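In the two complexes that follow, chain A is the common piece, with chain B as its partner first and chain C second.
Entry: the complex of A and B
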């Protein structure tokens, strides 16, 4: 398929999805809006994670660093300065990007596995700091002074964040940038020989993912109305997002969407058994890593193309 | 300003505790050295060790310190199928697949602990554990000294195993260059399996000791893992004696940090140190560490 046609199709699909979902609050009840809100948040985070892991080879366990940072920035700036919500979310994104720039010299010295371990330690460090520093409410956390907006409004904010994330990923994937990303992921040294600057490329992916994650954390905090360090900086964020992308398919465009839908629906089905839900996600992870390294999307694509090939062969020449 | 007794006792306790930290990190370190695998379930192995020690005491009535060999055998035995069925099939798929698999094992274990043992905080209670041991101005709980002695013994035994036996020779060869070792007739898969089991056995012993010195809960695995990682980068990857040194350094610094900044900052010190070492000296303070 022509690259430009593919790009247009993707943009069209995104625009249509946006307009259809924008009117979701007019036709459904709170349950579906809650679910939709959660999927939008997770889709944003999963897109960022997928960009880092699938395109730049950065496997992160530090999702909560940026979710938590966004949450605290959002509550502090709403309480302290009464800024309008859209501006607050932009501010969250900027803060997330800045934190990523700030920690990147340390984290990027660590190739491969050590990057993963470094992000894990960073999220733990931030959580411990938040627990201990009383300026940010300590272990009890912070409360939003105003009432949070109604659910339909929140859903539309989350939808905008998710669509912005999807659009950014589309731009990355459909332009020259994607080739550069892949070169760095597959062989950093060879890419450097060819004139690509791996540090900048990785930093770009990290900053974009972090900014998106912080914005998602901001809107999540506004919805909760009260935040505390154990939840907002908890490892659970990383577990959820990583499971989604691996289950959906790492490095594949539809991976985050399918994975987010799958994990959220699995969570709904096992809502009464939270421990069983997480353990089940772990089991699914093990099975998929072993037998379907490209997740559900990769498996489906493989199976479909096999069927297609077979049906083609059956046609008499 | 606290008096000299408190300061010296705190530092002594930190150093002794650091010995135990060294043992808890040892398994992570040798598995990393030989298999190039960051075992993200290592903290949960330690928690398994703590529960094993607790239940061994409850059911047999035998002191968990005497039951340590049983716990070690149990953990080592349980880890072999884990290696055989989960890790070995992924051997040629790069380090990430194995690490993610162990991450999944970690979240499964943690949630099984919650389901089976409830989320309660527990401890392996022994009368002598809190018995104060006084030497001049220094006072430390007896369990710290017992734990330190056992940890140092186990670490020295592992060091002897790695540096002076045929298995150790194969292990060092596999760590240095697995492909070359395989060409020279070393059964690398078997070495990796035994290393993984040895690491788990050490985690069992270390977990019981940590469970006897402190409280633990199903979600202790995460903090344990991070502390162990800090010890490993301080002491050097795959360096057996380095784990002991790294543990003692971390234990002492954590105690000093807790004393000067407040108890909540103990772990902050560990994490900050860990990130700083990673950023400035990723090969560890004891560079050129050999397994």
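Entry: the complex of A and C
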């Protein structure tokens, strides 16, 4: 019963957020749209990362390989075939999912840290491939031949991608699928003994996260207009996303949202001092891991429940 | 039609499992027919749990076949075997700790039938929980369950698969008589004409009352197989399984009357002297300050108040036993003493110093060692590393001496010193856990349920070791299900009931006290007269 109420609340919140933000370009200027675009992209990536790490126990450093893949698929399909943008983004997602399926037999042989290193190797491998194959523009990368759409349009695309990601995560976290995910995360062997196929469950999380990541990479590439392998396959994507989820709260529903908002806004506030930005982000990460291992959301929930408990205790007295 | 009912549902042919040179399971053949319960018994380390792992799919066999309804499943992963209808329990429960009890069952339900209507799943779940006695804790986190509730959850999870073959690994360990009666009823209720059950069990009463046939496993080999009654009365089995000891009932009667002399028989004098390096020097307690003193200790987990005010004193050199039925608060008391949970009220004095609310490592530093329920061996460390880790602060010479003393106490650990800590049998792991507790050269050791799930002959060995320690004036608290063994060892006994001390006294007084039986056995009381009668006619 409770789960159903939670599900309805989440869906309602998502629908309201979508409609409110859809009209954001009508009321604000480019600065806020830029910010909103970035938050949407990061939220999508963070949702995917959180699903893998928080629900299936897969800690990935391969975010960039799917962002990069999406970027290249988007630019190639726009330049080569002139496909409409929505179809291109779907294609990016499909490509991301396919790559995940393709590499999973090898990657899932690795457990724990080895999986993490495996994903890192995969994104390095893809980057080197792009650098060395001239069809993909080599080290200089590719340019979008047409002009990219205006910022309000791009923002709305990014918003749709982020809302799709959030909806997919809601389905994973609020329905019966969630117990299966958590079972695999907590004790893969015991889960298998209960009929859960850990490989499929992990693959499901990996494919979904990869498809979302590639779609986000696709829209990001369209916005940039020019892509090159060092940026699109850079480790920075993985590190940004990982720190967002850790700051927000790994495995918690609101973790990616709060983390993405926090990191992007912090970056904005410290935009004039790039060194201070990195140092501040590092410091915050250290402090959070030491004192609030469940991130901002976990800390807030703990604090709130303590307050609630105290107020409840006060009532009968 | 008739053929399908008589054909074996699950068939094990020439099953072999080797770990390097060690043959854990050697040419085992078994047949399970629908509607039957088969027992597998044998001493610790005989390969019983390995057999369950092999059939359940957690362990891949080295050779042999496992046929489920004629289809070879020996190469299938555990998940496919579970889906094919094999449900197993783990000897040491492995619930999903952060999920509620109900969610633990949902995992099995939704992995088998992802689209089953929620109301149907809920009804099934509630029926299962009621059947396994977990209905009242359905929404509680599995982490909050005590060991025995977790064992029930293991059974419930296996049943949620609607299995055709149920493998039960030591589900009776640690239960008192009344609970065993319930368990036996539960096992019988699982059986229908489409189900086969395999029980691996030390509690022979379960085997005797459930299984039509049983097999004895020894060193991985089937020793003898046949009707349960014949097997259990066979001398060969008694020799393997129970050691050479005869009727334990009579030994118990003797030991309870004269605890110290019987336990020490056969213990070489030389061994005892080596142990001096493990026991902290007995300092004359100034002004008669007790080593450990609890006054009005209350403690619990969240909403559950377990200890309701415990007063207890342990003098240096004293051995005391904490007895009581499951859920009486024995382990919670141990946890309160060692600081694993902090008491909500009352004072805890160690050597006269108030340490209530201190962290476990601070209390450990004062010389309190805890040999925890469930052993808690570090799996990635070798036997010797497991031992050494408890003596990190001591100098090399002292560590060497203590290691020697532990190896002297348990020679098997010396042979296994470079093996992984959890690669040994349950009994050997328990020896390691005891040895590890001693390595800190504690002033006080708490032994929590050290005999749980072990064969009687192994229990004997452990208790012999404890008796030697006691002779060295080691101060100890023994928490035990096995009343007779505890009574034979200690100087003073406390019996807990519902978080309070219901009885206390010398073993002799407690043994003679009719209330003990009532507290401990409770609902099984009805069964007692008939048992007495059976004895009389023998």
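Please note the rule applied: the second predicted complex is superposed on the first by the 314 of 317 C-alpha atoms of A that agree within 3 Å, B and C clash if a C-alpha of one lies under 4 Å from a C-alpha of the other, contacts with A are read in each partner's own complex, and residues count from 1 in each chain.
Please note the rule applied: a contact is a pair of C-beta atoms (placed from the backbone, for glycine too) under 8 Å apart; a residue touches a chain by one contact, two chains touch by 3 or more.
Note that the structure is predicted; figures quoted are calculated from it, not measured.
K.L.:
After the chain A overlay, clash or fit between chain B and chain C?
P.N.:
Once both complexes are aligned on chain A, chain B and chain C clash.
K.L.:
Taking the superposition on A as described, I'd like to know which of chain B and chain C A:300 touches: first, second, both or neither.
P.N.:
neither
K.L.:
After superposition on the shared chain, which partner residues are touched by A:270: those of chain B (first), chain C (second), both, or neither?
P.N.:
In the superposed model, A:270 contacts neither chain B nor chain C.
K.L.:
For A:122, select first, second, both or neither according to whether it touches chain B, chain C, the two together, or no partner.
P.N.:
The answer is first: A:122 touches chain B but not chain C.
K.L.:
Tell me which partner touches more residues of chain A in the superposed arrangement, chain B or chain C.
P.N.:
B
K.L.:
Which partner does A:11 contact after superposing on A: first (chain B), second (chain C), both, neither?
P.N.:
Touch status of A:11: no partner.
K.L.:
Give one of first, second, both or neither to describe whether A:193 is in contact with chain B, with chain C, with both, or with none.
P.N.:
In the superposition, A:193 contacts chain C only.
K.L.:
Regarding the shared-chain residue A:183, is it in contact with chain B (first), chain C (second), both, or neither?
P.N.:
In the superposed model, A:183 contacts chain C only, not chain B.
K.L.:
Report which listed segment of chain C has C-alpha atoms clashing with chain B; options: 332-340, 386-394, 476-484 or 530-538.
P.N.:
Stretch 386-394 of chain C has C-alpha atoms clashing with chain B.
K.L.:
Identify the residues of chain A that lie in both the chain B contact region and the chain C contact region.
P.N.:
none
K.L.:
Which stretch or stretches of chain B touch chain A in the complex?
P.N.:
My answer: residues 36, 38, 86, 89-90, 93, 95-97, 99-101, 103-108, 110-112, 114-115, 222-223, 226, 229-230, 262, 264-265, 267-268, 271-272, 274-276, 278-279, 282.
K.L.:
Mind listing the chain A positions that touch chain C in their complex?
P.N.:
Interface residues on chain A, with respect to chain C: 176-177, 179-180, 182-183, 186-187, 189-198.
K.L.:
Using the touch definition up top, name the residues of chain C that touch chain A in the complex.
P.N.:
56-58, 77-80, 82-83, 88, 90, 94-99, 103, 106-108, 110-112, 114, 118, 157, 160-161
K.L.:
Going by the contact rule at the top, pick out the chain A residues touching chain B in the complex.
P.N.:
59, 61, 105-106, 109-110, 112-114, 116-118, 120-122, 124-125, 128-129, 131-132, 235, 239, 242, 246, 275-276, 278-279, 281-283, 285-286, 289-290, 293
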